[in-house]
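Note sheet for the following structure.
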Amino acid sequence: MSSPTRSPLQRLRRSGALVSVLAILASFVVGGLLIAFTDRDTKEAAGYFFARPTDMLSAAWDAVAGAYAAMFRGAVFNYDAGTFLGMIHPLTETLTAATPLLTAALGVAIAFRAGLFNIGAQGQLILGAILSTWIGFTLELAWPLHLLLVVLGALLGGALWGGLVGWLKARTGAHEVILTIMLNYVALNLLGYLLNNALQREGSTNPVSPVVNPSAQYPLLLGPEFRLHLGFLVAVAATAFAWWLMNRSTLGFEIKAVGANRAAARTAGIDTFKVTVLAMVIAGALAGLSGAAQVNGTEKFLSESIAASIGFDAITVALLGRSRPIGVFFAALLFGAFRAGGVTMQIATGTPIDIVLVVQSLIVLFIAAPPLVRAMFGLNERRGKKNKNPKGAAGAPATVGGDQ
Amino acid sequence: MKLELQGITKAFGGFVANDSIDLVVEPGTVHTLLGENGAGKSTLMNVLFGLYEPTAGRILIDGEPVAFRGPGDAMAHGIGMVHQHFMLVPVFTVAENVALGDERTRAAGILDLEQTRRAVREVSDRYGFNVDPDARVEDLPVGVQQRVEIIKALVRRADLLILDEPTAVLTPKETDELIDIIGQLKASGTAIIFISHKLREVKAVSDTITVIRRGKVVGTADPSADATELASLMVGRAVDLSLGRRHSDGGDVSLEIRDLTVIDELGVPVLDHVDLDVRRGEILAVAGVQGNGQTELVEAVMGLTSGTSGSIRLEGRELLGRSVKEIINSGVGYVPEDRSTDGVIGSFSIADNLVLNRYDRAPVARGASLRPSIIAQNADEKVREFDIRTPSAQNTASTLSGGNQQKVVLAREFSRELKLFIAAQPTRGVDVGSIEFLHRRILAERDKDIPVIVVSTELDEVAELGDRIAVLFHGRLMGIVPGNTSREVLGLMMAGSTAEEAFAEADRSGRSTTDPDEPQLPGGIA
Amino acid sequence: ACGAAPEEGDGPAAEEIDYKACMVSDEGGFDDASFNQASHEGLLKAEEELGVQVLDAESTSTTDMGPNIDEMVQQGCNIIVTAGFMFENLPLDAAEANTDTKFVVVDYGYETVPENMRTLNYNTAEAAYLAGYAAAGYSKSGKVGTYGGGQITTVTDFMNGFANGVAKYNEDKGADVQAVGTDTFVGNFSDTVKARQIADNFIADGVDVIMPVAGPLGQTAVDAVNESSSPDDTVVWVDTDGHEYANGGEEAVLTSVMKKMGETTFESIEQDVNGEWKGGAYLGTLENGGVGLAPFYNFESKLPEGMQSELDALKEQIIAGEIDPLA
Amino acid sequence: MSTRTLTAPASTAGTAPAAGTGRRSLVLYSAGALIALVLFAFMSPGGTATFRLSAASDAFQIPALPVAVTPAGWTIALLLLAGTAYVLWLRRSGRGVPGWVPAVFALLFVSGVLIWMVASATNPSISLLSLLTGTLALALPMVYGSMGGLLAERTGVVNIAIEGQLLLGAFAAALGGSISGSLIGALVSAALGGVIVSSLLTLFAVKYQVNQIIVGVVLNVLVSGLTGFLFGTLLSGGAGLNSPPRMPNLPIPVLSEIPILGPLLFNQTILGYLMFVLVAVLWVGLYKTRWGLRVRAVGEHPKAADTVGIKVNRTRVLNVLLGGAVAGLGGSFYTLVSVSQFSRDMTAGTGFIALAALIFGRWNPIGAFLASLLFGFATNLQYVLSQAGTEVPSHFLAMLPYVITILAVAGLVGASRAPAASGQPYTKD
C-alpha cells in the first residue's frame, strides 16, 4: 500500500523498535545459555559447583561473553585489529555475505506479496549461476560488457526457472509450494549433470566449472584486501528497484492486489495470469542475481554447493523483513552479520557454528511475537492493543494451499 | 422463555459498541432491533449468544442471572442464533452442519448422521422447509442456507431465536416464507429477536421494536408507525424515503445485447439467448431470484465469464471477447454484488481502493509509476464527496462497515467518464440512511444521460429505480416490463411466467398490474 | 555435582607448546565420517601427543571457506589444514600471501605447490582394487556392489578401483562375479533412508559385499548387512578401519579401504613442529602406506584359500606399475 | 463472484485426487500417447526385460516375469492411443471422464517407461519386489510427516515445520533410546521431540498469532541448528548417547509367507504396520467421527465451529501437538530402522517432500499416502534402474521423482484447495 505520509523510520519506531531490540537480546540470552551449558570449562567447573560456585558462573560468563564478543569482532568492528582497515574488515565481510541473501530475499518477498509462497529461490539461484558461469568462461569480451552479459544471463536463468513456476501455477493451478520444492531438486541435479559434463573444468575430474574470466567478474570495491565486490552495489540497486516496484509502480500495485484479493483484482481488470507469471519471473530473476553474486563475485567458479543455503535463508530474511524491500535490506544485513560473525566466533572461541542458526531463528520468532517479548521482560502488555492483523503485517501469504 | 438484558456494555478497546443496553424479550413475541449499520445490533446479539464477553451488565433468563462462557452455554440455555453472516461450513452437508457441536454418535465416537438426518427431515417437514439433509451447503442457494441455519437452531430446541438480518439475501418469496415461519414459531411460544433494515418486513413481523443508535437504546416504536417515521428514528434525522424521481424513457440505445449465452463449467447454460437493449439515460433494472442468471449477465458484460457467446455492443463497439481491463477502459462502471470479495481489497488503503481500476492510467500513473500525491488527493476528495465515514483515507478498507465499503466502490466507479454503469445488489445489507444516499447517486448518474443497469433481488429497489424492468428466470429473459409494474406481476415473472402470462394472470385475479406507490408519469425525459 | 575444586595452576595433561595447528573443514563438518573427520583426528592427535594448540572451524558453505582461512591466519596459526576439493585455490592464494604459515591441503592438488604447502592426495583406487578382488573372491552369490554419495572424483575413484578389482578377479579366475551399482549415487551425503534403501536393494538382489562410499551413510550399509537374513552379507568400509570404526563393524566389515588422512595430517604437523617441514605434493599409495587394505579380522577364515597371497602379489604388481587400478 | 461467496469461502472437501478433466489433461493424454508411440514402440530397445518377483533371500522363489519389450511397447502405446481417443470422445459427447481413466492411463504409461528403461539397461532385469518394498520404506517417513502435517492443517494451522519435527524426532529417538536402552523409550522420546516442535508452533502461531508460515520455516532452521549443536557437543562425546536400540522387523507368521504381498506388507517394523493403521485411522477419524467433523469444521470455518460451542483454539493446539507426535514418531524411523545412529540433518528435506505430498494428496490421508508412495516409487525406481546399469545419466535419473511429481501435479491434479481457514489465526473478543 502506498502510504506516502509515513517514513520508514517512523514506521520502524511504531513497529516497536524497543521490542525488536529486546527480541534480539532475548535470543542472545537463550543462545548464551546453550553455549554456557555445553562449554567444556563450564561443565568442568559445574562438577565442583558446590565447592566453588563462582568458578562455574565465571566460566559460563567467559564462554558466553567470549563467543559474542568474537561474533561482534567478526561481523561489525574488530577493535583488536592493528589497522583501521583491519578494524572495518568485518563490516565488509558482513556486506559481502549479505549480498546474495539480499537479492534472493527480495525475490521471495515479491512473490509473497503476490500471494505466492516461493520456496524456489534455491533453484532459481542455481539456474542464474549456471548461465552466468557459462557466459563468464566461454565468452571473451571487454570488462563492462562481459559483466553486463553475465548479469543479464543470471537474471534470465532465474527468471526462466521462476517464470516456469508462475506459468504452471497460473495455467494449471498446480501448487507453487510443490512446484518450487521439486524444481529446486531438478535444478540441483541439472547442475550436477552439467558440472560433470558441459561445464566441467578442463583437466578436472571434480564437478567444478572453469574459473570465470576476470572480465566477467564483479570488480572488488575496496581493493584485494577485501572481498566486497560490485555485486553488493547491484544488490543495493535491486533493493531500490524493488522498493520502487512495490511502492510506486503500477505493476507492484497489481502484484499486491492479486496477492491480497485475487477476485477483486480480477474484477478491477487486473490480469491475474500475467501478474502471477511476472511476479515469479521477477522473483526468479532476483534470485538469479544472487547466483551471479556467488559465481562472479565471491567464488569465481561454479560448484554443486554454489547455492549453499542462500535460497532457504532468503525465506527467513524475507519474512523477517516483512516482505518490504527496506525491511528485507536490513534483515539481510543482520543475517550477513551472523554469517561473518559466526566465522570468527567459531574459530576464536570454539563455539559450534550451529549456535548461529539457533540465535537467528529465535530472533525471527521473538520479533514476530512482541507480546511474548514484553511478557518475558515484564513489560505490561497494553490491553486492547492487539496485533490486529499479524498475517498482513508479516507480508507472507497466510496459507500454503488454496488459491486465495 | 423470558429474556432480560440489563445494562449490557461492550467496548472494543476504547470504542463502545454497546452502551448499557436494557432489553426485555417476552416469550412468544417478536422483538425487533432497528438501527443503522454499525449501531451495535450484531454486537449485542453476539454478547447474548456468548460469543463476546460483555464489558459490563448482566443477562437474566426467566429472572435468573446467567453467565455464558461461550456459545455452548448459550445454546444449553435454549438460545439459538442465525448469524448475519451464515455460520455454515460450506463443504459440509446440511446434516453435518446441523450435527456439528451436537453430534449423535455410536461407539468410539463414530458419527451417527442418520439421527441427525431424521431430525432435519422432521423440522423440515413441520415448517415446510424442503431441505435435503444430504445436500452440500455450498451448492445450496442462500435462501436454503438460511433455512439450514434455522434448522440448526430448531433442532437444538431453541426457546429464543435470534435472527440477525436473515432477509438480507432472501428473495421476496423467501422472505414471505420466513415471515410465515416466524409466525409459526411465535405461536409455539418461541421468543424471537429479529434484526432487519427492511422496514416493510419489520412492520410485518414485529410485536415490539427497539431502536438502537450508536450503541444506545434511543427508544421503542410501534410496529404500526409508518416507515418514514421508523427510518428517522433510526438515523436520527429526517429521512425522505421517496426519491421523488422522475421516470425516464431514455434516449438512443447504447448497449445492445444479442443472443447472449453463458455456459458454465458443467456445460449447463446459465444464460440462454438473452437479448437486451439499454438506452442512454434510463435505468434498466434486472430482477430475478438469486441464481437465475443475473450475476452471469453482468459478469458477461464485464468480461468476467468464460464460455460466453453472442454479442454485447456498447455504442456499436463489441465488448465480448475483450479483457476486463479493456471493458473498464471503454467506460463501463461496475459495482459487483459482493463488495467485500470483488469490490474492495480489504488490506489495501481506502485511497488505493479508490483507484483500484485506474491505477495504471493518467493522472494516477505516469508511465509505469504511480503518483501517490494524486492518489491521496483523489482520496480526500472522494471521502468528502461520498461521505465515507473514516478517520483517514489511509486506513484499510477492511475497517469500513459494509455501507461505507459500498460508498468506496461507488465513488471509484463514478470518478471516471462512464458510458455504461452496472450495479449489482448495490444496497444489500445497507441501512436506510445509506440506501437513500446510494440511490440518489445512481439516479444522478442516469440523469447524466448514462445507461444504467441495476441488478437486484430486492423488489423494492427494482421498483424504486427501474425505468424498465427485465426479469430473468433460469437464464432466460421472461420479458421487459415498465418500471411501474406491480410486485404481483414481477413475482409471477420471477417464478417463470412470461410477461404476457403474468399480466394476464394478475388481471384475472383482479389485482393491479401497476405499482400504486409508483407515481405514474407518462414518458418524458428528465 | 560435587567434588573438589582444582588448585590454581593445574594445567592440561599434555605439555602445551607455543604452536597453533588449525583446520578448516568443508561443508561435511568434522563428523562426516570421511575426509574431514579423518584429517581432524590427525589434528587432535597432534594436540594430544605434541601439545600443540588447536583451532578448528567448520564451513557451512563454500562461501565460508575463504573467511575461515583468513580468520585462521588472523589468529596466528602456524599450520592450517583444509580438507576437500571444494577449497579449490583458496589455500593456494592464502599460502602465497602468508609465506610464514604452513598449509596442508587434503584431497586436492596444484600444478606447483609453494614451499609452505603440502598437498595430501591418496590413490584410493589402488586399495579399492584389492578390496574388489577380495570381495569377488569372497562373494558366494557372485554379486558385489558399490554405491556413492555423490558423483565426485574422491568417491568414484573408490568405486572404479573396486569394480576393476572385481574384473581382475573374473579375468584371473574365469569367474563371473558381477559388480553392480557403479553408477548408483544417493545424491547427497546425509539421507540415511535413501542410502539404506540402496543397500537393501542390493541385498535383495543377492549382492553379498557392499562398498558404500558415502561418508556417514556408510553406516546404513553396515546396519543393513547386520540386519539382513543372510549371515554372509558384508560391507567393505572406506577411509578408516570399519572394524573398529563402524557401529557393529566387527560382524559386518569384510575389510576396509583405508585412506590414512589422519596419519599423514599428523605427520605433516609433526614435521613442522620438529622443524623438519618438507612441503610438496604427497601422494598416498600402497607403496608408501598412505592407502591400504585393512585386515580381514574374523572374515580371514571365510576367504578362499590363498587369497591373502594373491592380494600381496597384486599389491606388488600395482606398486611396480604393472597394473593401473583405474584403467 | 457468485452467491456462494456471500457466506464463506467455498472449499472442496477432502476427496481423494480427482480425475483430471479440462483441456490441459487432454493435451497431456495426447502427449503421453504420442511419447509412448515413439519411445516404447518405434524406438523400442527390443529384447526381454525381466522382472524378478522374489528376493534372492526368500525361501519361496517365484519365477521371474520376462516381458518381450517390443510387443509390450506396441501394446501399451496402442492402448494409450485408444485411451486418448476415448477421452476425446467422452468430451466431444459432453460427458465427464470417469476417475479410473487417468489412473489406468498413468499406470500404463509408467509401466511402459519402466519396461523401456529396464530393457535399455546393461542388465535388463530388476527386482520388482525390492522396487515395491523400497517404495514403502522410502515413503514411510513422508507418510508420517504428511499425516502429522495433515492433523495440523486440517484445523487450519499451516505446518511447514514437518522437517523439523522429523529431525527432532530422529534425534530424540537416538538420545532417548540410548539413555533408556529400550525401544519404547526411544519411541516415546521421538514423539516428544515432535511435540516440542509442535508446542513452539502453537505457542507462536496460535497463542501469539505469528504468521504460521514464518514460524514453520524458522522452526526448521532452529531444529537443524539445535540438533547440529547438540550432536556436536552432546552425542558425539563417546558417552554412548548415540547408540539407540534397533527396531526389528516383525514378520507376521503365515501371512508373511504369501508370495509378493507377504514380504511387502507383512514383514514390517512396528513403525511400518503403524503406518497403515495410522492412515486408516486418520481417514476414518476425519470423515466418520465426531472428532473429525469438529476438526474439519475448525479448519474450514472456525467461527462457525465456535458458534456451536467448539473450542477452536483448543482443538488447534491439541491437533498440532498430536500431529507433532505423529511426525516425531516418523522421525524415529531414521535412527531406529534406517541406521543405528543420529547424524546431522539426516532427514535431508524429507519434511518438505511430505508437505508436497500432503498438498498433492489434497489434505486427505489416503491421498497423501498415495502421493508419498508415488514419490517413494519414483525414488526407488531411480536406484533400481541405476543398479541394473541403465544408460541414463545418474543425475537425470535422480530428477525422476521430482519431474514425475511436477507432471502429476500440473497435469492431473491441478489446483488443490487447502482447508479454507488455513493460516488464519482465530481470535474473538
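For the reader, a short list of remarks on this structure follows.
Here the chain labels run A, B, C and D in written order, and each chain numbers its own residues starting at 1.
Heads up, the rule we're going with is that a residue touches a chain if its C-beta (ideal position, glycine included) is under 8 Å from a C-beta of that chain, and two chains touch if they have at least 3 such contacts.
Chain labels with UniProt names: A, D = ABC transporter permease; B = ABC transporter ATP-binding protein.
None of the values given here were measured: they were computed from a predicted structure.
Remark: among chain pairs C-D and A-C, C-D carries the greater number of C-beta contacts.
One simple way to say how far apart two chains are is to compare their mean CA positions; for subunit A (ABC transporter permease) and subunit C this gives 35 Å. Subunit A (ABC transporter permease) and subunit D (ABC transporter permease), compared by their mean Cα positions, are separated by 30 Å.
Separation between the centroids of subunit A (ABC transporter permease) and subunit B, computed from CA atoms only, is 47 Å. Counting partner chains per residue, subunit B shows two or more touched chains at residues 12, 304, 336, 341-342. Residue positions of subunit A (ABC transporter permease) touching 2 or more other chains: 189, 192, 196, 263, 267, 352. Under the contact definition stated at the top, the residues of subunit D (ABC transporter permease) that touch 2 or more other chains are 1, 5, 11, 232, 395, 398, 420.
Chains touching one another, given as pairs, are A-B, A-C, A-D, B-D, C-D. Residue ranges of subunit C in contact with subunit A (ABC transporter permease), taken from their complex: 1-6, 22, 27, 55-58, 60-64, 66-68, 71-72, 75, 85-86, 88-89, 150-153, 156, 187. Remark: subunit A (ABC transporter permease) residues 1-5, 244, 248-254, 256-257, 260-261, 263-271, 384-385, 389, 392 touch subunit B in the complex.
Remark: subunit A (ABC transporter permease) residues 34, 38, 117, 119, 168, 171-175, 177-179, 181-183, 185-186, 189-190, 192-193, 196-197, 263, 267, 312, 315-316, 319, 352, 354-358, 360-362, 364-365, 368-369, 371-372, 386-387, 390-391, 394, 396-403 touch subunit D (ABC transporter permease) in the complex. Residues of subunit B that touch subunit D (ABC transporter permease) in their complex: 12, 49, 51-53, 70-73, 75, 81, 83, 85-92, 96-97, 99-103, 105, 108-111, 136, 138, 141-142, 145, 152, 169, 267, 290-291, 295, 299, 304, 336, 338, 341-342. Here subunit D (ABC transporter permease) touches subunit C in the complex through residues 55-57, 123, 127, 129-130, 133-134, 137-138, 140-141, 231-232, 236, 243, 246, 248-249, 333-334, 337-341, 343-350, 379-380, 383-384, 386-390, 394-395, 398, going by the rule given at the top.
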